[in-house]
């Protein structure tokens, strides 16, 4: 067996205790399946001892491994019946299996690296022209879009002639007059709409409604009528003001 | 087919990976002098004639290129439907109603400058074409619509375009404020429906 | 030699100009469905076998590359493939032969922690990718190889990994615990926790 000292490489070149163990195992020059674990333990412990004598600084995991191997060695040497669980044979087998696996991957890595690799052994074109995807726009536009656009341009740019549209309206005075007269005839609560002129629609109907409402507010302010509404957006009711004695007292 | 020898294979591979066409001298730097380069190039060139890739010589330099008749395959076209921008739509409408018009005239009608890309888009779409020059100072280019324009918009001639009176009748010439009022009323109705 | 038809010529040209290896689907986008693509690829691949350029399939994607024996002619001084550290090489092999694997599983095989830069280097090279998480406590990330890994190392698929069948048959790709069970070692199962 070669002396462990023949492995003169510094610890920095080992990737941990398992790596060192594998290197030592390979010095036994046998298949990893037939390796003597006891001899390997001896090799490792001797190597660590040698390093200590040289006052090399050892990383903790190398020392942990040394301690574990020392334990394994003593267990392997114990009489059979005194063996603890798990058996030292099993521990030794585990170690052997781990070394085999590491070795297998190390060899696989080397074989992988030795393959014909692109850029080292085989080459692809330096500057391929490339395949082009040409996007061809299909424009979506309808005749309506076209004439609408034209209409907008003309509407936007033609000299604008301002014409004040004559809109049919009910004036506020008219509404006050009308509501004031009609509410006198109404004894009970009557909806606002009942005070509107009939037969109107469109802008005139809207104007009449708005003016009549404002007229009602004005008449209520004058104390000529009362307004009641159950809630927001509920119908608005009007009736002629009934003078109440209590109200008079407060004033 | 004859078994290619290593010299020929080397020439083939060097031409394949090269970034640019190679002269005989440059080729020799790689493949050496072990063979008759001009004859090998001729053999290779024969071999590739009629294939998808051809070996060609241009001005004393050799390179591989794809066969010219396959160009359409290497550029794959994909249709994408896109909406014409408002500027493009308006420009197209002005050309259609007023053709032939110069760019300056289009701008005068639109009241906005016409970006350079706008006319390009319309020409790329195949709807607008340059139609000569206006014989005025500066001889500006004038534009007109194409037959493709008519067929795309389903018109048999430009006379089919609705006239100003038709546009007015359709409400398309409504002054903007009234149009807005209409929109406002509409949106109120919609809101009411949502609340209900 | 048979006269190449247009479909074959198109496939040849598309593969020649493509910037990356192409799948059948990608090829069809360009050459259409006018021919039997797999058979044309086989024909082309046969045609180029033994030439200076070969047509190869890697992980379902096809590309042209130069023949490996011409490396000495094509390799240039400036082409220096960055040498992987031994740790990176082993880690790559472990991922390739065991994928998907977690970092802890890599460490169990190597007997050391995976240094921070090791996986980064492999991912940067484009050979390794995170491939989800293992559904065990802690949900560790797991790693696998990429299609680029296959093309770079000239593998049609992972089945082509050198010696993978032998390693599997020898149980060397199984975890140690599983291997112990396989060996029929008695009183082993309960002591699994001991394995660090």
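Which chain is which? They are A, B and C, in the order written, and residues in each are numbered from 1.
Convention: a residue touches a chain if its C-beta (ideal position, glycine included) is under 8 Å from a C-beta of that chain, and two chains touch if they have at least 3 such contacts.
Computed from a predicted structure; not experimentally measured.
Colleague: I'd like the most central chain, judged by C-alpha centroids against the all-protein C-alpha centroid.
Modeller: Ranked by how close its C-alpha centre lies to the overall one, first comes A.
Colleague: With chain centres set to the mean of the C-alpha atoms, which chain is at the far end from chain C?
Modeller: B
Colleague: Which integer distance in Å separates the CA centroid of chain A from that of chain B?
Modeller: Here the centre of chain B sits 38 Å away from the centre of chain A.
Colleague: Approximately how many whole Å separate the CA-defined centres of chain A and chain C?
Modeller: So the centroids are 32 Å from each other.
Colleague: If a residue has to touch 2 or more other chains to count, which residues of chain C qualify?
Modeller: If we look for residues of chain C contacting two or more partner chains, we find 14, 16-17, 30, 64, 66-67, 74.
Colleague: At least two other chains touched by the same residue of chain A: list those residues.
Modeller: 123-125, 129, 131, in rising order.
Colleague: Using the touch definition up top, name the residues of chain C that touch chain A in the complex.
Modeller: 14, 16-19, 30, 54, 63-68, 71, 74-75, 79, 81, 84, 86-87, 89-90, 92-94, 96-97, 109-112, 151-155, 161-164, 167, 170, 172-173, 176, 179-180, 183, 185, 187-188, 191, 194-195
Colleague: Considering the complex alone, what residue numbers of chain A touch chain C?
Modeller: Result: residues 15-19, 61, 85-87, 90-91, 93-94, 97-98, 100-102, 104-113, 115-125, 128-131 of chain A touch chain C.
Colleague: Please output the residues of chain B touching chain C within their complex, sorted ascending.
Modeller: 1, 3-4, 6, 8-14, 16-17, 30-31, 50-53, 64, 66-67, 70, 73-74, 76
Colleague: If we count contacts the way the header does, which residues on chain A are in touch with chain B in the complex?
Modeller: 123-127, 129, 131-143, 145-158, 160
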